[in-house]
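Both of the next two complexes hold subunit A, though its partner changes from subunit B to subunit C.
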Partner chain A sequence: MNFSFDVIWHNLPYLLAAARWTLLISVAGMAISIIWGVFLCAARISKNPLLSNLAALYISFFRGVPLLVQLLMAYYMLPYVGLDLPAIAAAILAVGLCSAAYTAEILRGALQAIPAGQTEAAHALGIPAFSLWKRILVPQAVRIGLPSLVNELILLVKVSSLASVVGIGELTRISQNITGQTYRPLEIYIAAAAIYFLINLVISGLGRLAEKRLQAG
Partner chain B sequence: MELDLFVRYGPALIRGFGVTILCWAAGSLGGLVLGFVIACLYRWSIAPVRWVIYAYVEVIRGTPFMIQLFILYYGGPYIGLVLSPVQAGILSFIVYGSPYFSEIFRSGFNAVPKGQVEAARCVGMAEATILRRIVLPQMLVPITPPLTNFFIILTKETAILSVVTVPELLYETQTMAAETFTYVEPFLVLSLFYWLMVIGTNWLGGRVEARVTRHLKRA
Partner chain C sequence: MKKKLIGFAAVVGVSLGLAGAAHADQLADIKAKGKMTAATEMHYAPFDILVDGKYEGICHDLFTEVAKELGVEVEFLDLPWQSILPGLEAGKFDFVNAPVTITAERLKRYNFTLPIGNATVALAKKAGDGSISKPEDIAGKAVGSQKGSAQLEQLKAFSATLNPPADVREYVNIDEALADLAAGRIQAVANSMPLMGYAAVQRPGLFEMVMPPFGDPKYFGWVGTGGEESKTLIAAINDAILKMHEDGRLKAINEKWLGTAPELPTTMPDVK
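== the complex of A and B ==
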């Protein structure tokens, strides 16, 4: 069986259409991951023991339970508590909430690298906590943690393939379907891998760009 | 729940867990070392080497692990690289993990202020001494949590090795499920084993973190 570019060419429109779902899940998941991750990290390092223990519990649950299980829980178990989400919302939520746990840990590591003197100076100057975070801590933590964050976002794009289990026709699911029709696994999966690769190339490119800009400061 | 199932399949499951631990430990530690070497090369070498490293990182990081594993295991024999499933599993784990680790190390290098390294050079410290005495102790602080993150991600990634018939935990569990037509028990045990690994890794990460942040604690 020879490698046939025709197979890829014929099925490319379907793959690209499916990649739109992958993109949607990834981008929305990233937004949740980063925003929720910042709050989670703030809770994790807060002086309030209740908050910090709750955050630690959240992180150990979402990192310890496989994402596949979390997805199935979000889709099949939430309706029992009266929260009937459409599949795509459940997928985005599960991916984002899980990734936020990792993001929070990355930010926590980065925050530890910022000298404590800066926080103390800010307190001495009477800078309110919100401004301290917004203007002093988060910008520096993002700079230090950026390569690890990009790692995490790239992993997020790849785990979006799990959304196929709640019935979303994203890239991996559609590749499986096309393979089932054409019996050409090699070509289709290589094409799918190339699409994932391109998406990730854009993310890491943006990451490098952001890194350059932040480094200048 | 039938407990005698576990008497019968217990040894196989534990053997599978052993293989999972072996592949995970060897693969992720190998990836850690390779990632560190890559990050150091990136830091201290000339532009063409950097481009090669950049391309390596982007390609390996950007493609799914399963496809890399397939290419190594099924494509390897075409270029004379015949590997047993476990060898292929460990090798692909090392390759897959290394770019992520190297990026984490790179972020660590960047977190140490340049002025310190320049000052150390000015007082005549050797590059290796600067790395060991100045850069490493400080960079380990921000990168320990992301390193723990990635070790945890890799524990769950070992399940993919079952597709090239590595007799690891998922493989043994699926065998058990298929032979006994039970699904709840085997997969409960499976999650228990993975959870144990994650708890262990998390604990170890916490210990390492306590060790590397020791100098930050006020006396």
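== the complex of A and C ==
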């Protein structure tokens, strides 16, 4: 086996260009995951049974069906009901909506980890609900949930590779294509692995930074 | 609220209706737009490959000529094989310009063009492997092929005639089978002759062809949606293919990629 650095070097620009799709899907997916996840979590813990049950149903569907199947459904089945999404929109939505289900549960778990006595004490002291959430519950929940949240975001970067099934030339797909032409899987997949690793290194680094700041504050 | 629901139902109804109408005559639609979209898996050398980020290969060259004959611009789409036929049925693109082996089962569901490549099965072995010199030598050895491919069926049928039969392994794509051949996990890979030949030419110290090919002669064609709407498009593409048979473009493109030109029939082959 003659390992060829030239093959990596030559194809690196194409791998990096493909990594831009991976990044786009990941970052846009994360934004949807976090924003939609907060709403879902709020609905899930709401006292309104309709809202709470709907959120529970949503979460069990998006957690219970493989993301690959969700992607295929978003892209190939929605046209039958008149909703023809472009490939990149289908990929970002599928990844984001699925990840939001996990984010919602992470946040719910973190909120439940805060002793109920704090809420009771706040009520007894007459602290208004908004301040209770803003100053007491959310800061603690974020601190408790952060490691799991970073975990979820790293997973999201990795599942972005599934977007190839709707025709997006993201990092994994382009690596396969280059392998098909160069017949050098070892070199190309090592390069792809290194790029994924670097992206996730940045995310986990940002996560640690956030943890430190939250602990200090 | 009720009004809104009726409005939503109307929008869905209209878009479904439009989707239906848009497929009445694909050729007319494509010509009116001056543009068409064709999908393939750019992962099947030498038919479809991505070289330095650019789509190339036999199917690229042939279909670019076909589009010129049709007088339309063509946009090529790269999709994994498992998404290509569902995408065609969902109307995400107009046509499949991937080499698809013409089989009786597939003819029931899709409309094929005339043959554009030779899909007869041949074997590749590791370069210098003296234990395999003819196809029959794979008896009792591990042989890989691509899942869901017509070539896998041919390999299985051939293997059943051997004593002992070969140990047939199925891979999602053929590059993985070739990687396992290089790693020594299997002793041979079976796929269409052009594919195996190209691998041997690209990595001469690593892979070697085992001649002759075996099984029934098979051909690759391109695919349009089943039913009436693609009939005119397929007919126009067939005319272009026949024209390229005559003026030598078909031969020149094949020679450019394969070194030789396969004998391709100018009528639809009889498949059982």
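Simple rule for what comes next: the second predicted complex is superposed on the first by the 197 of 217 C-alpha atoms of A that agree within 3 Å, B and C clash if a C-alpha of one lies under 4 Å from a C-alpha of the other, contacts with A are read in each partner's own complex, and residues count from 1 in each chain.
We adopt the following convention: a residue touches a chain if its C-beta (ideal position, glycine included) is under 8 Å from a C-beta of that chain, and two chains touch if they have at least 3 such contacts.
Nothing here was measured: the structure is a model prediction, and the numbers come from that model.
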Answer with first, second, both or neither: which of subunit B and subunit C does A:T179 touch in the superposed model? second
Taking the superposition as given, does A:P147 touch the first partner, subunit B, the second, subunit C, both, or neither? first
Determine, under the contact definition given at the top, whether A:Y80 touches first (subunit B), second (subunit C), both, or neither. second
Compare subunit B and subunit C by how many residues of subunit A each one touches, and report the one with more. B
Once the structures are superposed on A, label A:P139 by its partner contacts, choosing first (subunit B), second (subunit C), both or neither. neither
Pick one for A:A17: touches subunit B only (first), subunit C only (second), both, or neither. second
Output check: A:P128 vs subunit B and subunit C. Expected answer is one of first, second, both, neither. What do you get? neither
After the superposition on A, what does A:V166 contact: first (subunit B), second (subunit C), both or neither? second
Of the partners subunit B and subunit C, which touch A:V69 in the superposed model: first, second, both, neither? first
Subunit A to subunit C touching residues, read off their complex: 1, 10-11, 13-14, 17, 72, 75-77, 79-83, 164-167, 169, 173-174, 176-183, 185
Can you list the residues on subunit C that touch subunit A in the complex? 11-12, 14-16, 19, 39, 42-45, 49-53, 77-80, 82-83, 86-87, 89-92, 173, 175-176, 178-179, 182, 199, 202-203, 206
Going by the contact rule at the top, pick out the subunit B residues touching subunit A in the complex. 58-59, 61-64, 67, 70, 100, 103-104, 106-107, 110-111, 138, 141-146, 148-150, 152-153, 156, 191, 194-195, 198-199, 202, 213, 216
Give every residue of subunit A touching subunit B within the complex, in rising order. 60, 63-66, 69, 102, 105-106, 108-110, 112-113, 116, 143-148, 150-152, 154-155, 158, 161, 189-190, 193, 196-201, 204, 211, 215
